[in-house]
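Below you'll find a set of structures to go through.
The same chain A turns up in both complexes below, where it pairs with chain B and then with chain C.
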Partner chain A sequence: MIKAILIFNNHGKPRLSKFYEHYSEDTEQQIIRETFHLVSKRDENVCNFLEGGLLIGGSDNKLIYRHYATLYFVFCVDSSESELGILDLIQVFVETLDKCFENVCELDLIFHVDKVHNILAEMVMGGMVLETNMNEIITQIDAQNKMEKSETFIFQSPRQDR
Partner chain B sequence: MPAVSKGDGMRGLAVFISDIRNCKSKEAEIKRINKELANIRSKFKGDKALDGYSKKKYVCKLLFIFLLGHDIDFGHMEAVNLLSSNKYTEKQIGYLFISVLVNSNSDLIRLINNAIKNDLSSRNPTFMNLALHCIANVGSREMAEAFAAEVPRILVAGDTMDSVKQSAALCLLRLYRTSPDLVPMGEWTARVVHLLNDQHLGVVTAATSLIITLAQKNPDDFKTSVSLAVARLSRIVTSASTDLQDYTYYFVAAPWLSVKLLRLLQCYPPPEDAAIRGRLTECLETILNKAQEPPKSKKVQHSNAKNAVLFEAISLIIHHDSEPTLLVRACNQLGQFLQHRETNLRYLALESMCTLASSEFSHEAVKTHIETVINALKTERDVSVRQRAVDLLYAMCDRSNAKQIVAEMLSYLETADYSIREEIVLKVAILAEKYAVDYTWYVDTILNLIRIAGDYVSEEVWYRVIQIVINRDDVQGYAAKTVFEALQAPACHENLVKVGGYILGEFGNLIAGDPRSSPLIQFDLLHSKFHLCSVPTRALLLSAYIKFINLFPEVKGTIQEVLRSDSQLRNADVELQQRAVEYLRLSCIASTDILATVLEEMPPFPERESSILAKLKRKKGSGTVSDIEENRKERNTNVNGGVNHSSANTNAKVTSSSSTDLLGLGSNTAINSTPPPGPSTAASLLVDVFSETSPTGPLGAPSAPVSDDNFSRFVCKNNGVLYENQLLQIGLKSEFRQNLGRMYVFYGNKTSTQFLNFSASVVCQDALRAQLNVHAKPADPTIDGGAQLQQILNIECVSDFVEAPVLNIQFRYGGTLQNIAVKLPVTLNKFFQPTEMTSQDFFQRWKQLSAPQQEVQKIFKAKHSMDTEVTKAKIIGFGVALLDGVDPNPSNFVGAGVIHTKTTQVGCLLRLEPNTQAQMYRLTLRTSRDSVSQRLCDLLSDQF
Partner chain C sequence: MPAPIRLRELIRTIRTARTQAEEREMIQKECAAIRSSFREEDNTYRCRNVAKLLYMHMLGYPAHFGQLECLKLIASQKFTDKRIGYLGAMLLLDERQDVHLLMTNCIKNDLNHSTQYVQGLALCTLGCMGSSEMCRDLAGEVEKLLKTSNSYLRKKAALCAVHVIRKVPELMEMFLPATKNLLSEKNHGVLHTSVVLLTEMCERSPDMLSHFRKNEKLVPQLVRILKNLIMSGYSPEHDVSGISDPFLQVRILRLLRILGRGDDDSSEAMNDILAQVATNTETSKNVGNAILYETVLTIMDIKSESGLRVLAINILGRFLLNNDKNIRYVALTSLLKTVQTDHNAVQRHRSTIVDCLKDLDVSIKRRAMELSFALVNGNNIRGMMKELLYFLDSCDPEFKADCASGVFLAAEKYAPSKRWHIDTIMRVLTTAGSYVRDDSVPNLIQLITNSVEMHAYTVQRLYKAILDDISQQPLVQVASWCIGEYGDLLVSGQCEEEEPIQVTEDEVLDVLEGLLVSNLSTPVTRGYSLTAIMKLSTRFSSVNRIKKVVSIYGSSIDVELQQRAVEYNALFKKYDHMRPALLERMPIMEKTATNGPTEIVQTNGETESSVLDTKHPATVPQPANQANDLLDLLGGNDVVPVIQTALPTKPASAGGELLDLLGDLSLTGGPTPAPAPSVPISQPPFLLDGLSSQPLFNDVAAGIPPMTAYNKNGLKIEFTFERSNPNPNIAVITIHASNSTEADMTDFVFQAAVPKTFQLQLLSPSSNIVPALNQGTVTQVIRVLNPQKQQLRMRIKLTYTYKGSPVQDLAEVNNFPPQSWQ
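Take a look at the complex of A and B:
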C-alpha cells in the first residue's frame, strides 16, 4: 500500500502532499520535512529506495523517489508494493503531468494544485494503484475538462476577482 | 492538445500565490496568509450567496495554505455544501477539499455520507467515481458502516461501467482494511474472483489488489483465484507486446498487473493441480528467459518494468520453495544483478537473495556469491545498499563461512554508518555465538566488538558473553586472561570494564598463578578504572571486589581498606553506599566457610533463547530475520545447545542460601551472587537471568504474549471458545469434581494448510507449581487443514491458588513458526461444591467467620445490565449453591459452598447486594482463609 505521496522542490518546499493514512497536520508537516531531509542528502545515481523515516513507520516502509530537475517525487510504500513498479508509476505520473500541462514545470504544480490532485486521483486511490495506463488516465482528465468547459458559462465574469 | 491550457486558471488564486511567493520573510508570508484567511472567512460568513466559481476559488486558496503547513479550521461546511451541487466542477472541488483536509474522526462525516449516498445512487459514473474516491480516501469506520454493503453491490453489478468497477474494487479494499468486521463476505466473493477474467485490464488490476488482501485473511474463500490468476498471467507473459495495446509499458506487457498476479499467487502454496502447476512453471521460466534476452529499448523504464516482473517472479519461486531448478536459476539471475551497473538492481538483488538464502535448495548457491557481497559492503557508495549487504551476509552465514563473515563485519564496523552500527553489533554477536566452534574465538570476537563499537554494544550483548563464559568451563581461563589483557589498554570502554569486572570476579583465580596477573595486580587494574565509571558499573565492581576477598584472602586487607574509605562508605549514591557497608561487614564477620558459600561461583545459566536475538527481532520487526532464524534452526538443530540445562530451582536455592538472614541482609539482592549493575537496571537483569520458564516451556522460540482475552468469560461457565486468531481456534469443555478436573481442549485449524510440529503444553509458574497439578496428554504433532485436534488435561488442585496456568502452543504454518500463549481458565472457584443450608445455619456460620481477615468486601459499579435471572445464573455458574429465602431482603443474593483442595477444604459464604438505582453492587465473602476470600471476591466481582 502507498502510505503517502509527496512532491517537494530542491529547497524542501512542499508542492503536493497526499497521505493515505491519517496523521495530524503537524505530523504531516514533520514527515514532509523528515523525508526531504532523508532524500535530499543523497547523491545522484545512488539507488532510488531507502528505508522510511521514523515518523512514517521506520524500516517497515520504504521511500521510493525520483528527482526531476527542481522536484523530488517521493512515494512512501509498505512491503506489499514492488519497488521497481512504483518507480515506474512515478514515471507514468510525471509523463501524464507532462502531457496535461505541456512540458510540466514546478509552477504548474503550484498554480494548478487541484488539477494535479485530480490526475493523481485517477492513478492512485486510497493508497492502491488504480490505473497505470496513461492513455486511459488522460481520457478521463479530458472528459473532466470537457465537463468543466460546458459548465463555465455559468461562472460570473472574473472581474473583481481577488 | 494539452489538457490544461496555461493561464485559464483562476486569476484571484494566481495573484494570491504570486503574493505569497514574493514574500521576503516567513513573517510576511504569515501576514499575507492571515489576511487571506480573514478575507475568505468573511466571504463565507457574508450574506451574499457565493457562486460556484468563487467557492471553488476560495477552496483552492485554502488548499494552498494548507499545503504550506497552516491549519485550516473553517470552510468545511462550504465544502460539504459543494458536494450536493449538481455541477461537476463544484462537486469535484468539494470532494477534493474533503479528501485532503477532513480527518476520519470528524463530525462532518455524517453530513458527507449523505452526499456520497446520493452520488452513489446517481448512476452518473463521474459522480459515482468521485464518491467512491472520497470513501476510499477518508476510509473511516463510519463510512464503512454506511457503505460496506453498498460498494460490493456496485462492484459486481452487471451494468457498472469499467471505471466505476475499478474504483469500487479499491474502495472496498480500503473499507476492508479499516473495518474488516463490517465487510460481509457473501455471494459477491465468487463474482469478485471472476473479475480476474475481465476484458478491461484496469479492472483486473484493481480486482487483483482487492483479492490479494481478502485472500490473506480468508484463503479458503478465494482459492479459486489461483487457477484464474495463473491463466491470466500466462496470457500476458506469452502475448506479443502489442496485443495489450495501452497496457504495454515500454515494450513490457502489463507489468503492474503481472506483478500483482504474482503477489496474489504468493498468498497460496504451489497449486496442487498438475496442469495449473505446469502452466505456472512455464510462465516463470518464460519470465526468467526474457531476462536473458537483449533489451527491446535502452530506456531505463523498459528495464525497470521488465525487472519488476522478474523480481516478483523470483519472490514467488522463493515462496513456493519447491522447484530446485527454478531456485538455482533465480539465484544465478540475482547473482548477475549483484554486479549490475544499476544501483537499484544491486539493492533489490541483495534483498531478494536474503530470502533465497533461507531455502535449503539454494543456500549453497547463494554462498557462492560471498566475495561479491563482501565487496559490495566495502565499495558501495550508498548506505541503503551496504545495509542490504550486511543483511545478506547475516543470512548466508553458516558454520563454513562464519569466521570470514564475522571478520568482514567487524572490519566494516570500524567505518560503518552510525545508523546501522547497533544492528551490526547484534548480528555479529549472534553469529559469533551461533557458529562458535571454539569459544576462545567467541570471546575474542565479542571483546573486539566492545573495543570497536563499545557505545553500540547493548546490555543484552555483554550479559550474553558472561552467561556463556559462566556456562562453559573450558573457556573461563582464556576469558579471564583475555579480559585482563584487554583491560591493560589505557582507555577502554565501560562495557569492557563491566565484562572484565564480572569475569575476573568469578574466574580471576584461574590466572592468578601467573605473577604478571597476581591477585593484587588484577585488583589494582580493576580499581584503576573505578573512578571513571558510572554508578551501575561501580556497583558491579564492588561486587567483584567482595568476590576477590573470597578468591584471594591475601588481598582482603587492601580491599577492606578501599571499602572502608569515605568515598565508598559515605557515597552519595544509596546503592553504592549500601554495597560498601554490607560487603565490608560481610568480609569482617563471616568465616571463610560462610564467605565461600555466599560468594560461590555462579551456577550455570539455564539455556534458552539468546536475548540478543530477541532484541534483533524487536528491532527488525518479525520479518525476515526470524524466518531465516527459524529455517536455520531446523538445519543445525542444537549444534550449540550442549550446555547443561540447570533448572531455575538451582538458582533459587543459591539465591536463598546466599542471602541467609544471619547477615541481616533481608531481601537485599546485592549480596546474591549476581551483581546487579544498578537500581534502575537491576530488575531487568534479574528478569533476564531468572525468568526461565519451567522446563516444559518452549525453548528457543520467540515467546508470545499471553492472551487472556476470553479468560474472565470462563469464570462462571465451563465450555466455549477460549482463543481465536486467523489460523487457529481453541475451544474448551471442562468438568470439575471436588479437587479434580478434566479439561478437553479442541484445537481447530482454520486454514487449508496442515500445521506441522504442533505441540501444546501447560505451564504453572512460580507458586502455582506447588498449588496446582496439570497433566497434559501429548497431542498429535500435525493438524490437517480444516481439522480439529483434541487434547485432554487432567487437573488437580493441591491448595488454594491465585494465578492461572498458561497454555503454550507452538506449530509451524507455512514457513513460519507460530507461538501462542493463552491463560487457561482454571480458577479457584472451579473446585466449589455447592452446599445447601437453612437461613439459621447460614447466619450462624456467617457469624462464626467474623474475624476481619476472613471477610473481603468490594463495592463496585455494574458493568452489565442488572438482570436478576442473569445474576442468579452467574452465581450458580460460579459454583456455590444459591440460597433462596435466606436474606431478609429479597433482592439480595446469598450463596454457600466448599472449596475442595487436596490438602484442605474451605467453607465459603457469599452475599451480593445489588443497588439498581446507583447501578452498584456490594459483594461480601467470608471464608476460613483470607487468601481464598480475596481471590473469590476478585473473580466474582469481575463478572457483573
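Take a look at the complex of A and C:
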C-alpha cells in the first residue's frame, strides 16, 4: 500500500501532498519537512530507496523517490509494494503529467494543483495502484475536463478555470 | 461584495511574498475573505473558494472551516462542484470528524448517478477515506458496481472493495460471488485491480485462500493471463520500455506467490511459467529487472523445485554485479530474506556481498552489513571478521552500534580461539568503543576472567591501549578492571604471547590515577579505577601511595567515589588483616543465568571475591557444574561441607556497613550446623576469626532449625536451611545423607518433587557414595522458589545400591519448619 505521495521542490516547498492514511495537519507538515530533509541529503548516484523517517513510521515503510529537474517525487510505501515497480510508476506518472500539461514544468504544478490531484486520483486510489496505462488515464481526464467545460458553458457562470 | 479572486491570482500573490510573515499575512487576509464569502452562502463562487482553501491547506495553514463547504459542493448538481468537493473531502476530512458521516447519503446517490464520472468520483472518495460505518452502509452499492460491464467503474469498484474489506473484514464474503468472472476481463485496468482485490482477500483469510486454490482454479487462470502477456508480442497500449504491462505481470506474480506458498499442487502448476519468465525477460532496463525481482521472490517463497531455486539465486547474484544501485539494493534485500532457508547458495556470493560493504551508498552498506552478519559461520569467521572490523573502522556513526553488537555476537558464537576472541573485542573497543552497548563491559570482563592463560597478554594489551587513548569509556573500564586484577602479571612482565613490556608499579599507578582525575572519565569509570587501585594494594608493594590516594578521595564530591574511598580507608585501618582475602583474585565466573539468587556479574562490574581460601582458585575453567566449581576451589576435597549458596557478591558500595558484608559471607563456606562429617574439612577461613563468628553465624543460620526428612534402613537425610538474602522467596536447602549401616550405599541418587506453585532447582551432589558407618555425608543443594509463600511440601525419591541390590524408596516430607517458607 502506498502511504503517501509527496512532491516538493529543491527547497522543500510542497507542490503536492496526498496522504492515504490519516495524520493530523501538523504531523503532515512535519512529515513533509522530514522527508525533504532525508531526501535532499542524498547523492546523485546512490540508490533511490530510503528507510522512512520516524514519523511516517515503522520499519516496514520505505521512501522511494526520483529527482526530476527541480522536483522530488517521493512515494512512501510499505512492504507489500514492489520497490522497482514503484519506480516505474513514478515514471509513468511524470510522463502522464507531461502529456497532460505539454512539457510540464514546476510552474504547471504550482498553478494547477487540483488538476494534478485529479490525474493522480486516476492512477492511485486509496493507496493502491488503479491504472497504469497512460493513454487510458489521459482519455478519462480529457473526458472529465470536457464535462466541466460544458457545464460552465451551459450554466453561464464565470469561467471556473483555475 | 466583489467576486473572490481566482485561484491563479491567489497563487501568484502568495509567490510574491518574500518572507514567511508576508505570506502568512496574505493568507490570513484571503482566509477572512473566504470565510465571509462562505457565510453569505454564495453558490457560484463556492467552488473557487474551496480550491483556494485546499491550496492553502497544502502549504500548511489550517483549513478546517471549509469542511462543511466541501459537503455542500458534493451535494451540488454540477460536476465541477462535485469534483472540487470530493477532492476537498479527501484532503480535509477523515474518520475523526463527525462531519464525514453526512457525506454518506451524497455518496450513495452519486454511486447511482447516470454519469460514470460522478460515480467514479464517489467510488474514489469512498475508497480513500471511507470510515467503517460508511463502508458498511455502502458496501452493497460497491458490490453492485463490481458486476457492471463498464470497465472504468469496475476497476474503481474493485479497489473500493479492497478498502471496504480492510475497514470491515466481515464483509469479505459479500464480494466473493462478484469475483467469479473478474479475471475474464480483457481490460488491463480491471485485471490489475481485480488481482489486487484477490490478493487482499487471500492475504486476509486462509479460508478464502484455500477456496480460491481449489474451487476457483485461480492458478491456471493466472498462468494463462501471464503467458498471454509474455507471448503477445508488441502491444503499444500497455508497453513500458518494450515489455507489455509490467505492472500487471508483477501483480500476478505476487498473487501466484501467495497462492503457491506452502501448497505443492499450486507450486507445481506455476513452475513452468516462472521458469519462462525468469529466462525470457530482458534485463537491460529497470522494468525487466522489476519483473525478474518479483519472479525470484516468488520462486523462493513457494515450494519450487531445486533447479528453479538455483536459477533464482543466480539471478540475484547477477543483480549484485549490476551497475545500477537500485538493483543491487533490491538484490541484497531479497538475499537477506532467503539466507535462512538457502544458506549455502547465498554463501557462494559472499565475496560480492562483502564488497558491497565498501559501497558509498548508505542504504546498500546497511543491507550488506546485515547480510554479512547473517553469513558468518565457523568456517569463514576469520576472513569475515577482518572485513567487518575494517568496515567498523570506516563506517558512519549510525552503523557503529549495530556493527559492534553484531561483531560481539558473531565472535561469541564462532571464535576459533580465545586469543582471537579477545583480540577481536579489543579491536572493537579501541575503534568503536563509545558505541558499544552497556552490557558488553561485564561480558568482556567475564570472558577475560575465564580465559585464564590469556590474563597476562590481555592486561598488557589493555594497558598499552589506554596509554594511547582514554576517551572510550568501555575500553577504559575494562582496562582498569583488568589492571586491578592482574596488575602483578603486568609488572612482572610474564607475557608469553607477545613481547612483554617493562612497566613499573609507579607507572601503573600513574595511569590509574590519571583516569581518576581526567575530565574524560565518567563517574562509573572513576569508580572502576579507584577499586582497581585498591586491589593493587595486595599485589603491589607500594602500599603507601595507594593509601594516600584512597584517603584523598575520602572527601570527594562524588558520593559514589567518596563512599568507596571511605570504605577502603576503613579496610586499611581497622580490617587490614582481611584485606588480602577480600581483594583476592576473582574466581571463574559463570553466566548470570545459572545462578539463582546471587548475581555474580553486576552491571557496574564490581564484585568482591568471597573465596575464603588463601590459595588461588583453580585455574582451569570448569564445566558448568556450579557445585563442582566451588568444591574445587576449596582445595579439591571429595567430601567437604558444601557451600550453601553460590558465591554471593556485593558491590563494594552497597550496604555501607562492613559487618553486613561479612554477615552475608558467613553464609558461605562455613561449617554447617549439621552433624559434622568425620573427614577433615577445610576450616572456615580466618575471615570469621576476626569476629565473634559463632553467634553471628548462628544468628543467621540457626534461625531455621534443621530437620530430619528421612530416616529408614540406616539412611538418614537431614535438611538444613538458609534464606537467600537477595531474594526472600528462595529457600536454600542442603541435604545431608548419612549411612549408619556397615556397607556403603553406592549409586546414590536423590530426587525431589514439589507442588505446582513452587519451583525447584537441584544442584549436583557432592558424590553418589554414602560411606558406611557415618564416615561421611553426601550433600546436595536444593533451591526452592516459593513466590506464593505456601507451605513447603516435598516428595523425595531415593535410589541406591546396597550390598549389590538396588533399593528405591519414596517419601513425603511435610514437617518443614515454618520459617523455611514464610
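Here is the rule we use: the second predicted complex is superposed on the first by the 152 of 162 C-alpha atoms of A that agree within 3 Å, B and C clash if a C-alpha of one lies under 4 Å from a C-alpha of the other, contacts with A are read in each partner's own complex, and residues count from 1 in each chain.
The working rule: contacts are C-beta pairs under 8 Å (C-beta built on N, C-alpha and C of every residue); 3 or more make two chains touch, one makes a residue touch a chain.
Given the structure is predicted, the values throughout are model-derived calculations rather than measurements.
Student: Which touches a greater number of chain A residues, chain B or chain C?
Tutor: B
Student: Would you sort A:A143 into first (chain B), second (chain C), both or neither based on which partner it touches?
Tutor: Both: A:A143 reaches chain B and chain C.
Student: First (chain B), second (chain C), both or neither: which does A:D60 touch?
Tutor: first
Student: Determine, under the contact definition given at the top, whether A:N48 touches first (chain B), second (chain C), both, or neither.
Tutor: In the superposition, A:N48 touches chain B and chain C alike.
Student: Quick check on my understanding: which residues of chain A belong to both its chain B contact set and its chain C contact set?
Tutor: 14, 16-18, 20, 22, 25, 29, 43, 45-51, 82-85, 87-89, 92, 110-111, 113-114, 117-118, 121, 125-133, 135-136, 140, 143-144, 147-148, 151, 155, 158, 161-162
Student: Could you list, by residue number, the parts of chain B that touch chain A in their complex?
Tutor: Listed in rising order, the residues of chain B that touch chain A are 2-4, 6, 9-15, 17, 21, 39, 51-54, 57, 60, 63-64, 66-69, 71, 87-89, 92-93, 96, 99-100, 103-104, 126, 132-133, 136-137, 139, 163, 166-167, 170-171, 173-174, 177, 201-202, 205-206, 209, 212, 246-247, 249, 255-256, 259, 263, 301, 304-305, 307-308, 311-312, 343-344, 346-348, 381-382, 384-385, 387, 620-621, 623.
Student: Can you check the complex and tell me which residues of chain A touch chain C?
Tutor: Touching chain C from chain A are residues 14, 16-18, 20, 22, 25, 28-29, 43, 45-51, 82-85, 87-89, 92, 110-111, 113-114, 117-118, 121, 125-133, 135-136, 140, 143-144, 147-148, 151-152, 155, 157-158, 160-162.
Student: Please output the residues of chain A touching chain B within their complex, sorted ascending.
Tutor: Within the complex, chain A touches chain B at residues 1, 14-18, 20, 22, 25, 29, 42-43, 45-51, 59-60, 79-80, 82-85, 87-89, 91-92, 99-102, 108, 110-115, 117-118, 121, 125-136, 138, 140-145, 147-148, 151, 154-156, 158, 161-162.
Student: Okay, in this complex, where on chain C does chain A touch?
Tutor: Where chain C meets chain A, its residues are 3, 6-8, 11, 15, 44, 47-48, 51, 54-55, 57-60, 62, 78-80, 83-84, 87, 91, 94-96, 115, 117, 120, 123-124, 127-129, 152, 155-156, 159-160, 162-163, 188-189, 192-193, 196, 237-238, 240, 245-248, 250, 254, 286-287, 289-290, 293-294, 325-330, 333, 360-364, 366.
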